[in-house]
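After this come two complexes, each holding subunit A, first together with subunit B and then together with subunit C.
What follows is the complex of A and B.
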C-alpha cells in the first residue's frame, strides 16, 4: 500500500468548504432582508470559508491522485465531519453570539450532527440570520455530509460506492436507482420536498416565515434547535400537529418515504422496521397519554402532548413543550428508553436505530433456540431476508460501543462535576443526537449546557460526532491496526 | 399419437416406457447415446441422439407431425427453450418440466403460452401437493378429488381392528348401509384386484374407494383406525420437495426439518419462516429423538436416497409415529416398502407421469391420476353424445377385465353406480383401469 492520500482528503475538504461558503448565502440573504445586523459577520464568514476552501483545494489538494482505498474511507469521513463544523463556528464567533471558541464549536457540531444541544441561553435575542444559519447547519447535516462527499467524488470520477456503502450498508436497502448519483438525488429530492411541504404548512398555520423556516429545518433534519427559549410553546395547536406529523415522518427511512410519496408502494415490500416504528410510537404514546391523564391533565392536551413528545423523542428531534413541566414517572422512563433506541435506519434521526434492535432481539431468540437444539440452523431475518452473520456481529459491536460510549461519557461527565443522573442523560441524549437540555430536565436533573465546564462541552461534542457517524469511523481511526494499514 | 420426449432422465425413461405400453409412437431425444441404446433395446421406440435445442435434431424427430412434445430434462431452461422451438416447428402441444415453481404462478401463465409452452410440470411441486394433501386428511393415505370435489377417492389400509375383515364387499355395503362408497380396487401383496361383490377383504389390504366428500370419519371406522389430527411433523431432507413441503405446512403445523448438508440448510433457512431447521444426519436416531421424534404425528422422509427414506420411516414407525411418508425413486422398492408398513410412498416419476398423462389420454378425458403401488389409472371421462356406453346398463356394458366404474357425475349430482345404473350422454364417469385395457375403455365413451 502506498502512502496515505492526504492530498485527496485536502481536495475533498476544500470542495466541501467552498460549498459551505455557498450555503451561507441563504442565512445571509435572510439577514439582509431583516436588517438584523449580522450581515457583515455572515458575509465575512462566507468569504473566509471560501478562501480556506480554495486554498485547501488548489494548494493542499494540488496533484491529488484521484483514487482511494476502502480503508481510507474512514479518514475522509472524519476529515469532513471535523473540518466542516470547525469552519462552521465562524458565524457564531464573528457575530459575538458565542463567548468562547468552545461554545461556538459546541453549537456548530451540535448543528451539523443534528443534535440540537445549545449553549445559547436566549435564542430570541440572536440575529435572525444567525438563527437561520444555525437551523440550516442541521439541515445540511441531516442527510449526512457523506452524501455531499459522494456527489463530489463522482465529479472527480472516483467510485464513490465505497463511501456510500460504508454510510448506508447498515440499512441493507437496495439503492433507489441503479445509478448512485440518481439514488442520492432521489433522497435529496425527498428531503427537500418534505422540508418545503412542512414550511408551507407551518406558514399556513400562522407562523412567522423566518421562524417557520428554522423550525422546518430543525424538524426534517431531526435536529432540535429552537428559535425561542420557551421552545415551541408559542405555536398554535395546528402547527404543533403539523410538526408532530413531520417529526414522525422524519424518523422513517428516507428510501421508504421516497417510495411512499412517489406511489411506488409495491417496491417498498415488507418493511418490518416501519411496522415496529409505528407500533412502538402508538404504544409509547398511549402509555404517556394515560399517565398524563392520570396526573390530572385534560384529555385533548394529554393526547396532543403525548403524541408530540413521543414523536420528538423517537425521531431524536428533541423538541419540547414547557406546558407540561411535571412528567409522571412512566413518561420519563419511556423517554429514556426511546432516546437510546432512536429512529429508523436510513432516516435523519439518531440513536441505536430500531433495525438494530430488531436484529438483536431476533438473534437473542435464536440463541435460546440453539440452546435447546444445538444443531439447529437459525438465521436472523428482517423483512424476510437473512441478515448476514457478519452484519449481525457488526450490530453487536455497534451496540456495545454505543453503550460503552454512554457509560464512559457519563463517567467522564461525573468527573466534571455533574450528578450521575444528569451525566447519564446528557451522554445518551448527545450520542443519540437528541439534544436540548430542557427536555432532559424533565428526566430529573437541572442541567444546562451553557453552565458546563469547557472539558464537559468538548466531551459532549465528541459524543455527538461519534453518534452521528455511527461510531465506527471514529473508533477505527484510533485503532492501531488501522493506523498501520493506512499510513 | 405421436409423442416426442426430450430427455432420458428418470422421468423421461419412465414416461417413454409407459407411453409405449399405451400404444403411442414415441421418439426420445437425448444427447447421451449410450443411455438411448439401452432404452431402445428394452422398449419399442425410436431414439435420436442429439440436443433437443437443435432445430435439425427436432426436425429429424418429426416435430412437425408430433401431437405432443414433452421436455423433461433436469435443466428447466433447456426444457423451456426446447418447447419454444418445438412449438415454432409446428408441434401441436408442448409440455415442459420445470423446477422453479414461481413459473407456475397464474400471472406468468400467459407469458409462457405466448412463448409456446402450453403446460408446465413441476414434479417437486406435485410431490409436495401430495404430501400436504395426505397430511390434511389423515384417514386416507392417498386421496384425489374429481370434478372439483364432488367425488373423492380414498385409499385406506384395513387395520387389524377393522370390523370388515373376512367379509365380502357386498356384506360391507350391507353392514354400512348409510355409507355410500364404491370400492374400485384392492391392492394385496402388490397385486391389483378389481373386486367383485363376493371378494373377501383381508387385513392389510389397501382399498381404493370412491365416495362423496366429508365421509372421511365413516370410512375411518371401516378401516379401523380413529382419525388423528396431525399437529407436529418432521421432514427429513431439505431438497426441493422438503423445502416446498415445509413452506406449505409451516403455516398450520409445527415443522422440524432435518438436513445433512449445510448449504441446503442455509437455503431452507432463507425460505422458511417458522420451521425449525436442524443440520444433522437423519439416520442418527438419537438426533431424531432429541428433536422430538416421539412427539411427532407425521414423519416425512424426502432425502435424495430412497434407502435412507425407507429406513428412517421404518424406524419412525417402530417408535410409534402414526403417519410415515417416504419418497422412493426406485420403482422396484414401492411395493416392498408398502409391505413393510410405510403408509405412503411418493414417487416423483409416477406422479409426474400421472400428471403428464392428462395430456395424452385419448377421447374426452378430463383428469387422470396414476396410483402409486399399482400401474392402474383413475380417469375422468366426459361421455360423448353417441357413446356406446349410453346404450346399456353397466351390467351389459361388457367392461373389460381390469376396469371398473367408480362414480358418475350428472350435473351437480353424484351417483355411485350399481350394476343397474344407466350411463347417459354428458355424464362424467370415473374409471379405474389398467393401462392395457385403457384404449378399449376409452372407446366405450367416445
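What follows is the complex of A and C.
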C-alpha cells in the first residue's frame, strides 16, 4: 500500500471547480441579460472558483498518478461533495442573499444534493441570475457529482468504476454500455434531452423563460427549489401537468429512459422496478384523490393535485402547492411512506430507492417460507436475476443505516427544540433529498427551515449529504479502518 | 409440554383466587381451570411439537388465550368498563408491557391489583420460555444464548437434556430473584403486600404499579432497589444463573452482550442525568436518582416511573423512545429488539465497510469471538425491518383512529416494545383511558406482536404457512 494519493484528490477537485466556474457562466449571462444587479457577484464567484480550481489542479495535483485504492475512492467522493458546494456558497454570500455562512452553506448543499430545502423566505425578491444559479446547482448535482467526474476524466480507467461504485453503493445497476464512460455519456445525454424538452414545453404553456429555466432544472434533477414563495401555485394548469409528467419521469431509472426514448424497447427487458414505481404511483394517487374529494375539493382539482403531489413526493422532488393548506390524514400518512421509499435506483431522485424495497420485501417473504420449511432453498430474484445473499445483506445494512440516520438526526433536532413529529419529518425529508415536506407546519417552505438554529441547519446539511451519497461513503470516512489505510 | 405449561399457568392463579376477595374472581378462576382441563384432555395427544407450523400457531394461541381468560377477573368484578378495556389490561399484563387503562389504580380492589402483578410475573417468565422454544427462527443463535457451556462440544447430542436443565436454571433464577427482592423491599420498610407486587412487576420488566404515581411514593433507597431489580431483569437468565452459582468461566460466551448492555445503560443514564440537571434544573441528587432509575426502566422496557416523565424535556423522551426499541439482553424478560441484535447490526455495517476496503479479505461478524453466520445476520435484519415496519403501520393505524402524531408514535413504540407509558396523555403517570376502543385494540395487538417478536404472528398471515 503506497502513500495516500493526495495529488489525485487535489487534481479531481481542481478540475471540478474549474467546471463549476464554467457553469457559473450560465447564470451570469442570465444576470447580464436581466440587469438584476448580481452580475458583479456572479462574475467574482466564477473567477474566484476558477482561481482555486486552477491552483489546486496545477500545484496541488501536479503529476498525479491516476490510480487509487478503494479507500481513496471514498475520500475523493467526500472531497468533491464538500468542496464543490462550499465554493458554491460564494454567489449567495456575495449577493447578500444569505445572511450568514450557515445559511449560504445550507442553501448550497441543498442545491447540489438536489434536496431543495430553502432558507430564502422570499425567493421572488432575489436577483434572477441567482435564482438560475440556485436551480442550476441542483441540475449539476442531479446525476451525482461523481458521475460528472467519471464523465470528464477519461484518464481514470478502472478507477472510474471504483468511484462510480463508491457513490452509488450497491444499486447493482446493469450498465447501459459495456464501457462505463460511454454509458455515463448516454445518461448525461438523456438528462440534457429531458431538460430541453421540459423547458420548451414550459415556455409553450406560458411561463416566463427565466422561471421556466429554473423550474425545468428543479424538476428534472428532482431538486425542488422554487422561484416564488407561494411554491408552484403561480403555474397554469397546463404547466402543472407538464411538471407532473416530468417529475414522474425523473423518478425513473435513466438507463430505462434512454432505451425508451431511443426506441430500444427490447433491451429494457423485464423491469420490475418500473412496474412497481408506476403501480405505487397509481395506487397512491388514487387514494390521495379520494381523500381530497372527500374533504370537499372539485374532481378536476383533486385529480390534478393528487397526481402532482404524489409525483412530487415519489420522485423526491418536493414541489408543493399551498392551495391545499389542510392535508387529510391518509394523504399525510402515504406521503411519509413515499418520502422514505423514494424514487427508482439510477434516477436523479433520493430515498431508500424502490429496488432496495423490492429486494427487502422479497427476502422477508422468503424468510417466512424458511420459517416453515427450514430446508427450503429460496432465492431473491429481481428482473429474473438472482440477487446474491451478500448483496441482500448490503441492502439491509443500508436500510438499517438509513433508519438509524433518521433516528439520530431526529434526536439531534429535538435537542434544537423541534417537536418529535416535526423532527422525524424534517430528518426524513432531508435524508431522502425531498426538501420541502408537506408534513411540516408551513409545508416545509422557507419558514420551517429559516427559523431553525444554526446547529440544526448544519445537521440537516449533513443529512442531505448522507442521503445523496448513499451513506456508505460518508460513514466510511469516519471508520478507523479507513484512517489506518490512508495514513 | 406447552399444554402442560398452559395448565400450570391457569392453575396457579386459580388456586390463588381461592383466598382472594370476591367470589366473582373465584368463578372466573374456576372457569379458566375447567376450560384449560377440557382443552388439555381433548388435545394433549394431538399435539406434536415436531411440526414447526403447529409450534408457531400454538405460541400465538397460548398468548391470545391467556390474555382472553385474563380478562375474566376484570370483567366479573366490573373494574373494567368494557371488554376492550379488560382485554387491553390483560394483554398488557401477560406481555409484561405495563400500559394501563386505569387512571387511578389505588381504587382497585387488592385482588385485582395482585392479579395484574401476577400476570406480569408469569408473562415475564413466559417470554424466557418462548424464546427458548422458537428462538432459532428469530435470528438468535440458541447455543450462544442458553446453553450454559461456553463451547459447543459439551452439548452435542444432548439437546433435550440441555433444554431441560436450562429451563430449571432459568426458573430457579427467576424464583430466587423474586424471593430476594421481596425480602429486600420488606427489609427496607415496605409492607409485604407492596413488596410482593413491586417485585412481581419489576423483575418481570412489566411495570404495572399499585400506586397512582408509580415509584415516586417510595423512598429513594427503595427506588434504587427497584433500579437494581430492573437492571437484573434485563440480563440473560442463564448468565445470571452462572453468576449466582459462581460459574464465571461459563459466562464468557455472553460477555459482548452484557458489556454492550451495561455500557449503553451507563452512557444513556449519564446523558439523561445531564439533561435533567442542566436543561430541567433538577438538583444533582434528583437528577442522578431519576437518571439511574428511569433509564434502566426504559432500557429494560419495564415502565416503572421515578417521576412524571410526560413533562420531561423532549429530547430525553425521544432518547427514551429509542432506548426502549433497543431493549435489554436476549434471554431476559425485556422487550424491544435486544442488545444482541443491535450489536450484530452495527458490526455488520463495519464488516461491509471493511469488505469495501479489502474486497478479498474474509471479515466475519464476530460475537464473543465466534463468527456469526450470514444466515443469522440476515435473520436479524429481517426482524429489524419487520419491527420498523410494524412501528410504522402501528403509528399509522393509531393516527387514523384519531390519535395525534406524537401520542401515536409514543403509544406504538411503548406497546410494541413492552415499555408501557407512551408520550403525551398516555405517558408519565397518565393512562390509555382516553383512547378510543379501536385505538385500544390496535395497542393490544401491538403488545402481542412485540412480545412474540412480530414474525411469530405475521407468519400466520402468509400463504406459505397455510399451504399444504
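What we mean here is this: the second predicted complex is superposed on the first by the 464 of 487 C-alpha atoms of A that agree within 3 Å, B and C clash if a C-alpha of one lies under 4 Å from a C-alpha of the other, contacts with A are read in each partner's own complex, and residues count from 1 in each chain.
Note that in this section a contact is a pair of C-beta atoms (placed from the backbone, for glycine too) under 8 Å apart; a residue touches a chain by one contact, two chains touch by 3 or more.
Please read these numbers as outputs of a predicted model, since none were measured by experiment.
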| item | value |
| --- | --- |
| Fit or clash - subunit C, subunit B, common subunit A | fit |
| Touching partner for A:26 - first (subunit B), second (subunit C), both, neither | neither |
| Touching partner for A:377 - first (subunit B), second (subunit C), both, neither | first |
| Partner chain in contact with A:86 - subunit B first, subunit C second, else both or neither | neither |
| First (subunit B), second (subunit C), both or neither touched by A:386 | first |
| Residues of subunit A touched, compared between subunit B and subunit C (which is higher) | C |
| Touching partner for A:245 - first (subunit B), second (subunit C), both, neither | neither |
| Subunit B versus subunit C as contact partner of A:369, first or second or both or neither | both |
| Touching partner for A:397 - first (subunit B), second (subunit C), both, neither | second |
| Overlay on shared chain A, then closest C-alpha pair between subunit B and subunit C (Å) | 7 |
| Residues of subunit A contacting subunit B in one complex and subunit C in the other | 369, 373 |
| Interface residues, subunit C side, partner subunit A - complex | 52-53, 56, 137, 314-315, 317-319, 321-322, 345, 348-350, 352-354, 356-359, 374, 377-379, 381-382, 384-386, 388, 392, 396, 399-400, 405-406, 409-410, 423, 455, 458-459, 462, 464-465 |
| Complex contact set, residues of subunit A against subunit B | 369, 373, 375-379, 381, 384-386 |
| Subunit B - residues contacting subunit A, complex | 262, 265-266, 268-270, 273, 276-280, 287, 290-291 |
| Subunit C partner contacts - residues on subunit A that touch it in the complex | 70-71, 74, 166, 169, 329-330, 332-333, 337, 360, 363-365, 367-369, 371-374, 389-390, 392-394, 396-397, 399-401, 403, 407, 410-411, 414-415, 417-421, 423-424, 472, 475-476, 479, 481-482, 485 |
